[in-house]
Amino acid sequence: MSGALVAEVLSWAFIVAGSVFVLIGGIGLIRLPDFYTRIHAAGITDTMGAWLILIGLMFSAGWTLITVKLFMLLFFLAATSPLASHALAKAAFLRGLEPMLGRGLEIEGDHD
Amino acid sequence: MDQFGAATLALLVCMAMTLFRSIAGPTVFDRVLAVNSFGTKTVLLIAVYGFLTGRPDFLDLALVYALMNFIGTIAVMKFTRFGDLAGMEDDDEETL
Amino acid sequence: MIDVIHIVLFTFLAVIAIAIIRLRDLFAAVMLMGIFSLLSASLFTVMDAVDVAFTEAAVGAGVSTILMLATLSLTHSSESTRYARPRPMALVAVVLTGAALVYATFDMPRYGDPAAPIHHHVADHYIEDTDDEIGVPNMVTAILASYRGYDTWGETAVIFTACVGVMMLLGGARTFYRWRHREEDEPEEAGEAS
Amino acid sequence: MGLFLRQDQPWRASRRETALSGVALFVVLMAVWLLNSGHYTPLIIGFGVASSLLVVFLSWRMGIVDREGLPVHLLPRATVYAPWLFKEIFTANVDVAKRVLTPFEPNISPRLFDTGVTQKTDLGRVIYANSITLTPGTVSIGVKGSYITVHAIAEDVADGLQEGEMDRRVTWLEGERR
């Protein structure tokens, strides 16, 4: 009984923490000033947000095939998300999209 | 409401933010980034939704989405760079 | 909670549809169509049509995005901004057609109604006997690949032919040229490497 | 006809390596099938064996069955590297989250710089570049010869990467052989 309770508490903790990271990633996607910095924000959602939620789901599922599938999902996300980010950043850079450097946040002032 | 409901709400809110970026995003790449990010959130939403309704059988779908999303992003990037899915050898020297 | 998800996802769909209409940048519109497909696929999942959602994810978000990008790479990526003058008759026709379609939905069986006619033709037979007759756990797969095997076979042939045709029309010439070129170059490269 | 004649192309791995990697690939694919299916009847498992064999054959024909395609030999050291990477990603996440949530204006000062790599194989460089990208705050935007172009969200994040601990660990992960 107490084992189930521990799993439930852990599931809560991980999923809520993951949700917070997902939200922070979303806020960053809106708040940050240029494309290259927004990639970092999307990275928060893709790494900690996704992983913590999936780990929380694993605690909720227990020792079943579902946990294995969740682990596989986690592995695929971890393996593919950096490749996609890299491809995006590289394509943008080769296309000549200039990154905003230094502290000059007023260069492209489309943030609020 | 349990933890899955909380995660669902967070994901929906974050989806709305991503949607804003995909519509407002000044450059093309912002939009592609938004699509990719939206795909990740769809994967998570489907995984969480399965638990929310007590039938976690939808995970297969989430797996397929995760892979489709990745392939889609790579294909879009190849198109924006080469205008062709087969393009690869042109600029090996400069970029590899 | 489920209703909330439905409402929010449908709102997103409407927002994206309006954004697609208003955008002049066609590349951005294609990206938004990708999101549209992902959203419809999530809606299909939420409404228990998992197999349709599979197809929507693969075809809608994957293949059709690529096809539209291929089209864009052959044409221009921004819409020509020639505004037609407003035509009230067209609006009336669209509104009437939409109203007729919405009216027609009132005759449809309730969503998820087990007494709906669609569930009482051959569906009972499939549901009861698939396991014994075919032995494939997924019923939709059993119907498509076994009960309607010839049908699916024909469809696959058609799709394959269409795919080959599209590839030849869109990227065939260039790819073929590169391939030829590479065959000619290869002996030299191999000589340098060894 | 030409189906089986493509074995002697210069970029291909040796026969022994190909055979070992092919077997490893089959085992991995079969494991994925069995874990995902959950139905263990002869018919379904037969389908699994057939599809796995088809995939192995197609990959072999494409010439991508080698140590690079399925780096099983890195597995022992990866079990040491992965936890360190997780810890690193977690701290980086918290750091970037704080920067994003700074009131009034995000606390960022983006940097673009080249950092040297000490890995010898392409595989090692790919792992290093992916580790950089996976860590929020740094994104690799180009791998060229012996250096990687990196975009960092702030100056101290860039300095942290240039201290080179991740580089050393990936070089260690890569091992001495080849």
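Letters are used for the chains, namely A, B, C and D, taken in the order the chains are written, and counting of residues starts over at 1 for each.
In the analysis below, a contact is a pair of C-beta atoms (placed from the backbone, for glycine too) under 8 Å apart; a residue touches a chain by one contact, two chains touch by 3 or more.
A quick map from chain label to UniProt name: B = pH regulation protein F.
Since the structure is predicted, the reported quantities are computational estimates derived from the model, not experimental observations.
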item	value
Middle chain, criterion being Cα centroid separation	B
Most remote chain, CA-based centroid, reference being chain B	D
Centroid spacing, where centroids are CA-atom means, of chain B and chain C in whole angstrom	17
Gap in Å, rounded to a whole number, between the CA centres of chain D and chain C	31
Chain A and chain B: spacing of chain centres that average the CA atoms, whole Å	11
Euclidean distance of C-alpha centroids - chain A vs chain C, Å	27
Contacts with two or more other chains, residues of chain A listed in rising order	27, 39, 69, 72, 81, 83, 85, 90, 92
Contacts with two or more other chains, residues of chain B listed in rising order	9, 16, 32, 34, 60, 63, 69, 95
Contacting residues of chain C [partner chain D, same complex]	135-137, 189-190, 193-194
Touch list for chain C against partner chain B, complex	1-2, 4-5, 8, 12, 15-16, 19, 23, 25, 27-28, 31-32, 34-35, 38-39, 41-42, 45-46, 50, 53-54, 57-58, 61-62, 65-66, 69-70, 73, 171, 174-175, 178, 182
Residues of chain D that touch chain C when the two form their complex	10, 39, 41, 43-44
Contact set on chain A toward chain B in their complex	11-12, 15-16, 18-20, 22-23, 25-27, 29-30, 35, 38-39, 42, 45-46, 49-50, 53-54, 56-57, 60-61, 66, 69-70, 72-73, 76-77, 80-81, 83-85, 87-88, 90-92, 94-95, 97, 108, 110
Of chain B, residues touching chain C in the complex	1, 5, 8-9, 12, 15-16, 19, 22-23, 25, 28, 31-32, 34-35, 38-39, 42, 45-46, 49, 52-53, 57-58, 61, 64-65, 68-69, 71-72, 75-76, 79, 83-86, 89
